[in-house]
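Look at the two complexes coming up: chain A is in both, with chain B in one and chain C in the other.
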Partner chain A sequence: MIWQLDLILLLFVLICAIGALTVKDLLGAVIILGAYSFFMCILWTEMGAVDVAFTEAAVGAGIGTVLFIAAVSKTKRRSKD
Partner chain B sequence: MIIKRTIDMTKQSDDVIVKTLSRLLIPFMQIYALYVIAHGHYSPGGGFQGGVILGASIILLVITYGLDNALRKMSERLNTILCSTGVLIYAGIGLLCLILGGNYLDYAELDQILHVGIAQARSLGILGVEVGVGVTVMAGMISIFLDIATGGLPSGKIEGLRD
Partner chain C sequence: MLEYIISKYNFWIYVILMMIGLYAMMGKRNFVKKLIGMNIFQSAIILFFVSTGVKAGATVPILSGHGHGHGHELIEVAKYINPLPHVLMLTAIVVSIATTGVALAVLILIYRRYNTLEEDEILKIRKDTGV
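Our next item is the complex of A and B:
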């Protein structure tokens, strides 16, 4: 593992996490959460945990995003707080 | 302020690019999912991941071709039956090992009925369990998505509520 690459990826993960929490548009927040999952997946692949990365890509970035979008489509798109 | 709902995930898409692309993509997704399940015991992947990818292919069908067309391929009745069948396969293989005189899920005992050698019997046993997990996870994912996207209503009653 290369610690410089780890650090850059962790920075991206942190940016995506803060972005998903602060964005007012809920659909945008879901897409940023998908990007977070994707960076997490790359980070795990880089650290050698391929099985965990596979699960993260399938569940976190794949099914999770679809379920969140389905939930957002049942409510209002903009959050009030 | 009233914001109109812009997404309806169970309506058929009227974009020809989206429909053609998903029609081309779904068979390859399913083949890949079967590959992941079949190679789960000696490479990354397995029943859970393969089942999620299989479920995602049916969910893609619901999003692009609409709920009615997708339910014609995969009815909720079939979905419920598959969800239970997977658990039955998993628990059945475990109980079969118990009946044959070993511990629960001790695949070496399957050699008595398969006659292929203990190592091969263990490999086939874990493959059967992976298939059971895959079937259950696929049905579970589709069921969760349909419940969220339709609000838990039966498929006949959604049309009247759509604004």
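Our next item is the complex of A and C:
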């Protein structure tokens, strides 16, 4: 585990989390959440948990984003906060 | 004290992520934003749990060089990362995506009934109509 890489990835994850909650367009927020999942996946590969990283990339970033986008397209795209 | 905080920087960032998720679940009015907050909260906890298995100077928990035939050699445990948290958290990830799917289905039903996804508007409609 290289601590510089670890710190940079954690900061990216933090920025993505804050971005997903502050963006008012829900589709944009969901896509930023997908980027968050991918950074999480890289973080787990860096920690040596490759099986968890596989699952996160397939299930978290893949299926999760697809489900969210389907739900947003069936409901409203704008959010008040 | 400052040295102590900096040396454990990853745990502090996990806690900050968890608090961001908790704030989104309680403070945000839009239901999709609440759900995003729940996702962030869950993955922060999973991140913390996986990070407890990390060892300095260890490698991925896959045995190498212990092939067929002579299977009774001693394995140096300190050379491999602890795989138990990984296996437990694998289940947690799958459960979290199932929870998200059910929550999104409920969300679509709420939208069909009230035609909005803002919590305050829904509460106002319920108060006005008395349902």
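In the analysis below, the second predicted complex is superposed on the first by the 81 of 81 C-alpha atoms of A that agree within 3 Å, B and C clash if a C-alpha of one lies under 4 Å from a C-alpha of the other, contacts with A are read in each partner's own complex, and residues count from 1 in each chain.
What we mean here is this: a contact is a pair of C-beta atoms (placed from the backbone, for glycine too) under 8 Å apart; a residue touches a chain by one contact, two chains touch by 3 or more.
In this text the structure is predicted, and so the values were computed from the model without any measurement.
Student: Since both structures carry chain A, what do chain B and chain C do when superposed there: clash or fit?
Tutor: In the arrangement built by aligning on chain A, the partners chain C and chain B fit side by side.
Student: Hey, is it chain B or chain C that touches more of chain A?
Tutor: The larger set of chain A residues in touch belongs to C.
Student: Is A:50 touching anything from chain B or chain C once the two structures are fitted on A? First, second, both or neither.
Tutor: So A:50 meets both chain B and chain C here.
Student: Regarding the shared-chain residue A:59, is it in contact with chain B (first), chain C (second), both, or neither?
Tutor: Touch partners of A:59: chain B and chain C.
Student: Does chain B (first) or chain C (second) touch A:69, or do both, or does neither?
Tutor: first
Student: Looking at A:8, would you say it contacts chain B, chain C, both, or neither? Reply first, second, both or neither.
Tutor: neither
Student: With the two structures placed on a shared chain A, what shortest C-alpha distance in Å links chain B and chain C?
Tutor: Value for chain B versus chain C, nearest C-alpha atoms: 6 Å.
Student: By the touch definition above, which chain A residues appear in both interfaces, chain B in one complex and chain C in the other?
Tutor: Correct list for chain A: 50-51, 55, 59, 63, 67, 70-72, 74, 76.
Student: Which stretch or stretches of chain B touch chain A in the complex?
Tutor: 3, 5-9, 44-46, 48-49, 52-53, 55-56, 59, 63, 141, 144-145, 148-149, 151
Student: Can you name the residues of chain C that touch chain A in the complex?
Tutor: Touch list, chain C to chain A: 9-10, 13, 16-17, 20-21, 24, 28-30, 32-33, 35-37, 39-40, 43, 46-47, 50-51, 53-54, 56, 58-61, 81, 85-87, 89-90, 93-94, 96-97, 100-101, 104, 107-108, 111, 116-118.
Student: Which residues, counting only chain A, touch chain C once they are in their complex?
Tutor: These residues of chain A touch chain C: 1, 6-7, 10-11, 13-14, 17-18, 20-21, 26, 29-30, 33, 36-37, 40, 43-44, 47-52, 55-56, 59-60, 63-64, 67-68, 70-72, 74-76, 79-81.
Student: Please name which positions on chain A make contact with chain B in the complex.
Tutor: Within the complex, chain A touches chain B at residues 27, 50-51, 53-55, 58-59, 62-63, 66-67, 69-74, 76-78.
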